[in-house]
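Presented sequentially are two complexes of chain A, the first with chain B as partner and the second with chain C.
So, the complex of A and B:
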């Protein structure tokens, strides 16, 4: 028996997977053909997997319509125990009797060998439109287990797991849940945030398109734990395929009495409604999302009160990202300790990232927190330093340079580099591109998406965009950089919501990590730019611990132990590492020009 | 603003446009179909746009009266969200992704090529109401940029050459090219 599975995610369909599916249907009537989601390797699309009898599954990559007939021929020859056409097979899976000795295993390829698939384990394997297939692969067993537990037990298990919000903020999920559970109000709401709007991020889309039932199961467990009878999924309307699959998944689950009234014969009833966004990035922000569901323009409102106290229609509301909720079934099934076995202490578990830009291998990946950027570069098929910059966390994130390749990807380390995990978009920028152009694209997006409610974001982002445009065109003045710097910090500290607070990250991180690109473009300076920022050691505070001298990447700091140290300004590249790490806060950032002192606010410090 | 919108809509009204009675009827039935939901303004706007291709001042008035929401709130929602239009789009819609990953892969060149081929500027509809060219912030297929969507179908790895072919194909359909 030949069964073939074709990956039909958005990426696959846009590369022609539907044509392949129809081609296979036509070419072989006696084969069993099924649909699957996407296993992450966009660059291999369209993908088809073939299972013949008890033999290992064969994977065909970049399949075209013309290949269909030959794929079926390979399957038929295999049925007769003949191995023909090895050159067409891209890889295979270890799930049966050995065939095609010289073909490598998919787990050994550079794209997959370092990945740890927990949340996306079933993506590309199960049929996203069939609840039966999901159940066959262990689906809904976590829900059954959860319904036998007390709600408090579930919340405490989630809290113990240390799961943090995957949408960007990294707030502990268990703490959020506890706040709602302990509120005196009886009516609670749960919102699944699937408003993945930042350019360069698509792992949530892939997850929902490939395994929507896992998301539904996660929502149900969360709703049961929180005493919710009405949950919402807020999704981007641009994701048409994901919306279709969610609608289908909700209907199928209802049909099987796994959703609706008295689920599985218990007292627990739940309704899940789908709400479509209408193209506004800011609606990913919790309070803006609530405004949008309430039928108003999606503008945020000040916190507190937090949604956990007073959210949708004034009731306590939990808003979780879809990836956060998709983590719940596995935590309930395997326990918090299992979950803590992945990732780092403060950032446990795995995270899905999407890879795009100047890479050889694009797609989404799943890695434990704490994996390094160089590992990601390896997965992307880039030789050690064959890139100039990496944008982490979308337009609200930051640009880091090659100097950060050893940086572990977890909430704390990334924030230290003036970037954010965000929802997990990673865009590699090649050597030939100008970093300032990337800043320009990002800001153009932010300016058009600023909701207009607060002045710093509405006016400020517009002004920094103008300055960046001017510098990019080669007409910058030396004042521009200073203004850019001061303005960015003002926007960061005075904006109402997360969009404004993170809007200048691109500018600030690019000034810090790619200062030379700005220098080149400001005509007056011509390579001998005055130091915009300088770091100086406050003799009164310095204890001479020598830490700064050890960590300085340019060895620009000198001094004897237990004596005041000094920074050689000619050697200093203004990376700011010393100021961040100094245990006595003895190193301060100065604006050399205009002699203006600016203390930079750093999250997590003070 | 609203008044000028009204004037624009009138100008665009052609012989085929539905009469105000028909608009009233279908807007009311759309509102009816959402009567069980709480705060249904957004889903209603989405359905109205699906039915008419844009949201007319009359439709907004109808919603404001029936749902008992201030007209200003309806208008604010319509103009806040990128998806809603107050003017009719062309018959064929070209949308180019200008997300970071697509920009890195030279989406700007694709826009220039399409502007040249279709003879309109980005954001415009041509005089005959055949083509509209727009940008969109991200389709979420960043691994395969640049991405162009033509009449709801998404194409990946669109270089200027392929964009030209896409435009020519649509023009052929309209009998504008041999």
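So, the complex of A and C:
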């Protein structure tokens, strides 16, 4: 018996998997054909996975409609135990005997060998449209176990697991849940945030398209723990396939009495409603999302009150990312200690990332926290240093350089590099690209996606975009760079919502990690050979105000407050910002050859 | 926040000094302690928007906007640090970088919150670049919106919500965000009720009253015209603020003198018109109540109709209530009619050479004056309407300081309104005034029990009371702010409550909080204005309209009696259901 599964995620369908599916249907009447989601290797799509007599599994990659007949022939020949070579065979799973020589186990490929699949374990394997298939693969056993537990036990288990929100901020999920449970209000809401808006992030979509029942199960367990009887899934209308599969999954689950009134004969009842947004980036922000569900335009409102105190329709509301909720069934089933076995102490578990940009292998991956960027580069099929920069966390994340390849991917380390985990988009930037152009592109997105309410985000991002445009065109000045830097910091510290606070991350991280790219583009710097001029602090004039140290883009100035400061000449890049800004004119530019002091006019501080 | 903490007093530390406060939000605690915190969006009448990001302070080492930070026990606050000054300066520069800096010619030059604050925080903006260009909307006869000047603070949205219309909201996103009516329609095409609340709170010159000064000047300069200014009740208690007097200062006589200086040929008191409104409305109420007792079907409760913004609101949103609206014209319209008929006859001035200019706390009156139903002899009864702000501007333009002006009387032919006519400017005032007279009409003798009706006074949104008027029990309700009116009407419509007489004013606080009043306006200032009006009433020699000699005289010489044929013809009007705006045209 030949059974073939075709990967029918958006990635597969867009590269022609539906045609392959129909082709296989036509070519072989006697085979059992089924659908699956995406296993992550989007670059291999369309994928067809063939099982023969329940043990031989072959995976055909980059299949086209014309290959269908050939695939079935191969299957039939295997059935007859006649070995024959097959051009299209890409790899093979470990659960069968090796049939072909020179064919790799798929788990051994560079793309899969380092991955740990927990959340996405069933993605690409189960049929996303069949509840039976999900149940056969262990689905809903966590729900059954959870319904036998007390709600507090579930919350404490989740708290113990150390699960952190996968949507970006990394807030401990258990703590969030406790806050809602302790509220005096009786009515609570649960919102599953499936509004994946960052360019370069698509792992949530892949997860829901491939395994929607896992998300439903996670939502149900969370709802049971939190005493919620109405949960919402908020997503964007452009995720048509995911929406379709979610709708189907909700209907199927309801039919099986695993959702709805008195689930599995218990007192627990839950309704899950789907809410579609128009696809605004800002609606991923909790308060904007709430506004959108309530029927208003999706704009954030000031916190506090936090949604956990006063959220949807004024009721305590938990908002969890879809990946966070998909983690719940496994935690309940295997326990917190199992979960803590993956990842690092403060960031336990695994995280799904999406890989794109200048890479060989694109797709989504799942890695334990603490894996390094070089591992990711390896998965992406890049030689160790065959990239210039990596953009972590979308346009509100940051750009890190090759210097960070050893950096473990967890919340703390990434934040230290002026980037954020964000929802998990990883975009590799190739060597031929200019970092400033990447920044410009990201900022353009931020400028048009800002909700437009608060001043720093609405006006400020436009201004930094304009400055970056000037610099990119080669018309920038060192003033521009200073303004860019201080303005970005103001936006970061005074914006109303999380998106505003992270809006200038691209700029700040690129200044920190790719300063030379700015130097190249700013004409004033050109021709100022480093050995020709130097900046020195006049000890007699320095009051130790520390301003120069704060604004130095290379952190080349050191000194305690109220003491004389010093410039590390090796680190100094002679931009002259310190000299311009020093309120006491204590920093002077020296021409090395003539030892001539140049007076630098201080500007703009009156 | 738990309740005991909310009501309780907490200690915080501000710049090293201890301070005790019961305020909810830090901004107001800081203001209470004497600090001036820059702000452009926060307003004491509204919940914080936290949009302008200028009120940032250092709270326990973190930069936070004070307007929406709740006060907590033991907070350590610094109001000025280097970071904070820098952050405020940046944000101000960002606002200015997208604002036409044409202050010299701007309508609100020298009276602009943005300008005043910019002067304090920064001198110029470092940033230049793209600007939002949306343009002006001058379609409304009440307000003008110049969206190029909008700084998107969000106050007008909240004001419009409080006015029950909810017409404005943020539209588009990012840099192109704009505050607009739905679908970017022109104001005249929408359900705007012209109340002008938005113009009262705008910190820049983005929303202003429609400037009708030019029309008025052309009347004044026309030698053929006899130009009469009439002054609304609440104006006397608020115009002083425009000249630096404390809120609630009464400037009746000084205003009359100033207006004469500006060039008006005569200055009258709209409160006299209000006295007629009271007479007519009381007669109408009494008639309806009697008819109900006779078993006839009458539209009760009767709603007041002197607030044109409320009338528009009812026509737009509750057309089924049109039969319930009193048909009596609003005071300034009645006054204009009397000026163009009775006054013109007595003075021997032909009515077509009389121009009546109403000085109102209101922008909706501008729209009302243009209504076709209110024309007499083919022309609008009121030729132009000025808000308090425009009037003050004209007085300043004439080079007069109201503060130092000598007091003068109103025109001697129609003057001296009753106290009842003057409390029209406060929420509950119309109710109180009408009941004073209705009591007389029903019982046939004045009784003092209805002189001061404390239950309908004050700033709360909905006030209900029951009085025995001329031996009949009447249940009455007063709502101010259309959002409250909505709540009240929905309760009446659902049958939850029944009333006999309902007063509704579109603006919070009634006319004292009107859209044409001086800026700044807030609950506290409005309260002071109202207090002044009640003071005028309690000092008035005549406190009831039906006892006012001039009212009696005009009825006997000209109008016959309240509700008579002449009165009905001249002092009453009708209302029409408004067409909801449609997307197709």
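Keep in mind that, in the parts below, the second predicted complex is superposed on the first by the 522 of 606 C-alpha atoms of A that agree within 3 Å, B and C clash if a C-alpha of one lies under 4 Å from a C-alpha of the other, contacts with A are read in each partner's own complex, and residues count from 1 in each chain.
Heads up, the rule we're going with is that a residue touches a chain if its C-beta (ideal position, glycine included) is under 8 Å from a C-beta of that chain, and two chains touch if they have at least 3 such contacts.
Small disclaimer: the values here were computed from a predicted structure and weren't measured.
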First (chain B), second (chain C), both or neither touched by A:460: second
Which of chain B and chain C A:297 touches, first, second, both or neither: both
Partner chain in contact with A:265 - chain B first, chain C second, else both or neither: neither
First, second, both or neither for A:280, with chain B first and chain C second: both
Which of chain B and chain C A:449 touches, first, second, both or neither: both
Chain C versus chain B, contacts on chain A by residue: B
First, second, both or neither for A:583, with chain B first and chain C second: neither
Contacts of A:494 with chain B and chain C, given as first, second, both or neither: second
Touched partner set for A:362, first chain B, second chain C, both or neither: first
Set intersection of chain A contacts, chain C complex versus chain B complex: 280, 297, 299, 448-449, 451
Residues of chain C that touch chain A when the two form their complex: 48-54, 56, 63, 65, 68, 70, 83, 86-87, 90-91, 94-95, 97-98, 123, 126-127, 129-130, 151-152, 154, 169-177
Chain A residues touching chain C - in the complex, by the definition given at the top: 280, 282, 297, 299, 302, 304, 447-456, 458-463, 466, 483, 486-487, 490, 493-496, 604, 606
Sites on chain B touched by chain A in the complex: 37-43, 45-46, 69, 73, 76-77, 80-84, 97-105, 136-145, 147, 152, 154-157
Touch list for chain A against partner chain B, complex: 10-11, 13-15, 42-43, 45, 196-202, 205, 236-240, 273, 275-281, 292-299, 313, 354-358, 362-364, 391, 394-395, 425, 427, 429-430, 433, 437-438, 441-442, 444-445, 448-449, 451
